[in-house]
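Input: a single structure, listed below in structure tokens.
In order of appearance the chains are A, B, C, D, E and F, and numbering begins at 1 in each one.
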Amino acid sequence: MNLDLIVSNILNPPILFFFLGMFAVWVKSDLEIPAPIPKLFSLYLLLAIGFKGGVELSRSGITQDVLLTMLAAIVMASIVPVYSFFLLRWKLDPYNAAAIAATYGSISAVTFITAGSFLGQLNIDYDGYMVAALALMESPAIIVGLVLVNVFGSGGGNRDEEKKTEWGEVLREAFLNGSVLLLVGSVIIGLLTGENGWTKLKPFTQDMFYGALTFFLLDMGLVAAKQIKDLKKTGVFLIAFALLMPLGNAALSLPIAYVIQMSQGDALLFAVLCASASYIAVPAAMRMTVPEANPSLYISTALAVTFPFNIIVGIPLYLSAINLFWS
Amino acid sequence: MNLDLIVSNILNPPILFFFLGMFAVWVKSDLEIPAPIPKLFSLYLLLAIGFKGGVELSRSGITQDVLLTMLAAIVMASIVPVYSFFLLRWKLDPYNAAAIAATYGSISAVTFITAGSFLGQLNIDYDGYMVAALALMESPAIIVGLVLVNVFGSGGGNRDEEKKTEWGEVLREAFLNGSVLLLVGSVIIGLLTGENGWTKLKPFTQDMFYGALTFFLLDMGLVAAKQIKDLKKTGVFLIAFALLMPLGNAALSLPIAYVIQMSQGDALLFAVLCASASYIAVPAAMRMTVPEANPSLYISTALAVTFPFNIIVGIPLYLSAINLFWS
Amino acid sequence: MNLDLIVSNILNPPILFFFLGMFAVWVKSDLEIPAPIPKLFSLYLLLAIGFKGGVELSRSGITQDVLLTMLAAIVMASIVPVYSFFLLRWKLDPYNAAAIAATYGSISAVTFITAGSFLGQLNIDYDGYMVAALALMESPAIIVGLVLVNVFGSGGGNRDEEKKTEWGEVLREAFLNGSVLLLVGSVIIGLLTGENGWTKLKPFTQDMFYGALTFFLLDMGLVAAKQIKDLKKTGVFLIAFALLMPLGNAALSLPIAYVIQMSQGDALLFAVLCASASYIAVPAAMRMTVPEANPSLYISTALAVTFPFNIIVGIPLYLSAINLFWS
Amino acid sequence: MHAVNRMEIMSDAVELGKITAVLNQGDRVTYSILRNVSSHGVRGESVEDSFISSENIYIIAFCPPEQTKGLLEKIRPILNKFGGACFITDATEIKSMRCVGSLS
Amino acid sequence: MHAVNRMEIMSDAVELGKITAVLNQGDRVTYSILRNVSSHGVRGESVEDSFISSENIYIIAFCPPEQTKGLLEKIRPILNKFGGACFITDATEIKSMRCVGSLS
Amino acid sequence: MHAVNRMEIMSDAVELGKITAVLNQGDRVTYSILRNVSSHGVRGESVEDSFISSENIYIIAFCPPEQTKGLLEKIRPILNKFGGACFITDATEIKSMRCVGSLS
């Protein structure tokens, strides 16, 4: 594996500010980014990434490549939570297993963006419609997770009672939660307004993008470092899961990417989508629909282990693998 | 009327994000832009628009055209609330009638900005000093509204008692409330610093402008859709008023614009100023000075009916009329 | 002294928005920039200034000039609080004297930035590594202040008891408080990522900079004007101190700058660092470590007297002096 | 001046809608919602409050004493789902005026 | 340890200045202001809280029992204007230290 | 349904860590922290709340009556440093459920 890649990945401002945030927590500095500033940046990033993706989609059109990619995305988002669930059942009750499985089936937009910046730095092209894949991969895992709970959850009384009334809520939470709605809405708006809209919004959604990502990762460092203390409760099994799962998911995604002839850049982004775990949309949905599961388990693994692992080691590692096989 | 205009108006990012916000409320998504982020964008927009207006004023100088425009602005801002009041008195008590009349006499900066973007898109020029007209039209309606309450309000006891002590407060609220002060202050600073200041601030006040407007309209969509439920209490009379009043005010403004030989772009902006209703500065002032009026009446009509009507139908409609008469 | 300089300093947007903020408070306008928006801008300014400084340091390298400047910075930051303390002891108890002395030994980043903008306007060059001097001058005064309290504080019981346990906290507060950490961290990240990072972050940290400064100074005007009412309690002695101290410190810094052959631009920035007083980092540290001192004394003098004095009169005045001696 | 009961409810923000729906059923019930509160000891674990993890709310409601029992019975099962807490105090209501403006 | 009265006042933010002016007249009155609260049932209608419509505040004040009546008489007319609410509870004050720093 | 004591603590934000450390020592103590509160009359001077000057916090804690005295004894010296206030009221706890999810 290519050490240069890791170094050039680490030596860029967003990643370094992520470390600065972690450092601040470790030395007990009072540095904090008070609410709702992080929310502002997360809304901005979703809007900017969705809009750019939509514009790119309007440029490329909906070709066969696009459709194949979308199909692959939906397939991976649906099967990852299934096999994750059975792995997790080894040590966990069905509720926690399903909630964590859903988390890993969905994606982390910030990991995706970081991978995009990394490719930009190495001058490797990728297709804008990968953002559409990202948008498509947000939701299926939530539904699969809920199905798993209903099939394998302790078939007991009050679950079944509430089940009927809650399915509507589940689907709404899966497809209409704030993050998904803003992302998908921005894709559609980008698609509708195309070049025209792009010219007007570019200074905001493109030029500010890298800076906003930097600021946001500073906050992510603060939050992730605070979550690390919850890992004690999590135990070795879950930490191992959180480190190996991204590798497994990426390993599974690459052959698929190869078969449908993705470019190297697209393959990296696809691998990153499969390897990353959601720490915003899915946890929010799981808290509402699987209250039996313990949020600190699925949030701390996704945020304090898998997220840093992917942005520091995972991204350059997956690219090394792609370099190896594609050439 | 020109359907192309409506479509090209709707198919731009700010308007589409407005719809996205409304859609989010209708499908009960949890998308929200938490306080004080909307406030940040509204302060930004006032600062940017005022500053640009001041710089433009420093470019054009205070010519006869400018003075005529200012005069027209003050006249319209003073008479609109008067005839609105008598129309509203047909169904409403004097307090609510005066508060709503004041709301429609004043202006909506975001509607103005949206009209400016629309002109920008069609490559129609307009004069920067129209912003000065906007600034001048914020306040008179507040004072006219208060005079109407004092003349026609049920001349009873405690109103009169407090009247003397409160006039100072009324004038201060009219000319020194936060929105007016920031807007007027920014105009003056733009005027004082001219090209020099413009070069330095342009990346912030000009390049980010369209993006900030987009973000802000997303929030306006959320807020307006929530206000729509208050319209039930409002009744058919007020909804009709909120739809017809902009048409009437625009219809009255166009001959004036024609007579003083405004350009087509300026005429559109003037019509939009007259047709729009204030949902920030005036409601804030009215809550303090006419507590007898019901805020949900004047806020929901201005925000949930007149604002969307103007940005969707009104702006292209007024421009069609201008195209007809000016050529 | 050069009146033109003062006028050209005042006639730029950030200073004028500072006055607008003060004006808003004086006329009792309800203009306010709600929390945490000012915090967002202050974090942004620290990040942007530190990052730029780090990049400049990576350009210049660590030369002898740089080292001499750093040495001068540390010396001034250490001796200013010592002689300030003895001056203040004339009228104040040791706790308040030490807290105010520490405040004046440290620096105000916004004053520094305003001076940088002022130089930019006059096309006078300065070295980017002055930001490193700024970063170095944040902390020593906190430690000197604490030493003064421990040596001269009423040697009584409970101070000594707690002393041992608190030194770790003091050092952490001095070097790891949020402002210092973000500033120093950003310098280091700028140094590490150099030109590469600069190209990516420039639209955010450079192009938005002047606008963010403008917005922040609007808020500073609001805050400073509110602090002015606390000055009554402060008394004439402290007001005189707050006006004369910057002059004294600047006067002391200029010969040093001259001897180590700083450029005119660097000399101005150095003078401004010495002349300015901290109203964020040091007050936060003093509240924790010298609770016996009255915060309204050290905050109101630094913020409501010294800060406006420096940005309005001080900066052009110090530059006049430099013009005189350097040529 | 008449006696009321004061209820303090701490809960997860996702339950807010259900709790207010219950409170709105009551007659002459007044309540205020405080958001972004950090709560500890309410659920099994102390949850760090951030936009990423959960958000806690704090509701202070006042209601006529005869309604307290009925409302509590409906709120209890909601709190049971996530873990939440509810505390009752006695208080005196001074005056609650209604807004007078309306369509004539 | 001595008895105090606890007042909870809910009101529109525009009245904040007047209410605190009254509270400042009292002797040994301690109060805290919570802003951006959503209040329901206080006025005639439940008002959505946003930067566009009104903002509600929640004040918690503690005062010596003998002052309660006097303060309430002055606060009542203010609350009557917009509709607002005020509730009283009994409490015990533990300790209230004063800051010692001052000009010597 | 059992009796508890309700403590309201107003303090400077810099003492938050120390106060919560004390509260965490208690058994079955529930507390909520409200930040960015404006407090007046607590310390010697009313402190304007801004990111530049100090920030006040408001803690509402509930604890079993037998623990109140012990906790107060430890909180008092903390409040004495900056000046702070603490008030006690009686209340009734309705139900406090614990979160059930955990590693099996």
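A few notes on this one:
Note that in this section contacts are C-beta pairs under 8 Å (C-beta built on N, C-alpha and C of every residue); 3 or more make two chains touch, one makes a residue touch a chain.
Values in this document were obtained by computation on a predicted structure and should not be read as measured data.
Note: the chain lying farthest from chain F is B, by mean C-alpha position. In this assembly, C is the chain whose CA centroid lies farthest from the centroid of chain D.
Centre to centre, using the average C-alpha position, chain C and chain F are separated by 35 Å. Annotation: 41 Å between the Cα-based centres of chain A and chain C. Within chain F, the positions touching two or more other chains are listed as 34, 36, 45, 82, 89, 99-100, 102. For chain C, the set of residues touching two or more other chains reads 35-36, 39-40, 203, 207-208, 233, 291, 294-295. Within the complex, the chain C residues that touch chain F are 35-36, 38-39, 42, 223, 226-227, 233, 279-280, 283, 287-288, 291, 294-296, 299, 303. Within the complex, the chain F residues that touch chain D are 4, 6, 20, 23-24, 28-35, 60, 62, 89-100, 102.
Touching chain E in their complex are the following residues of chain F: 8, 10, 34, 36-45, 56, 58, 72, 76, 79-80, 82-89. Within the complex formed with chain B, the chain A residues making contact are 35-36, 39-40, 43-44, 47, 51, 172, 176-178, 181-182, 185-186, 189, 192-193, 196-197, 200-201, 203-205, 207-208, 284.
Every residue of chain D that touches chain A in the complex is listed here, in rising order: 12, 14, 36, 44-45, 47-54, 81-82.
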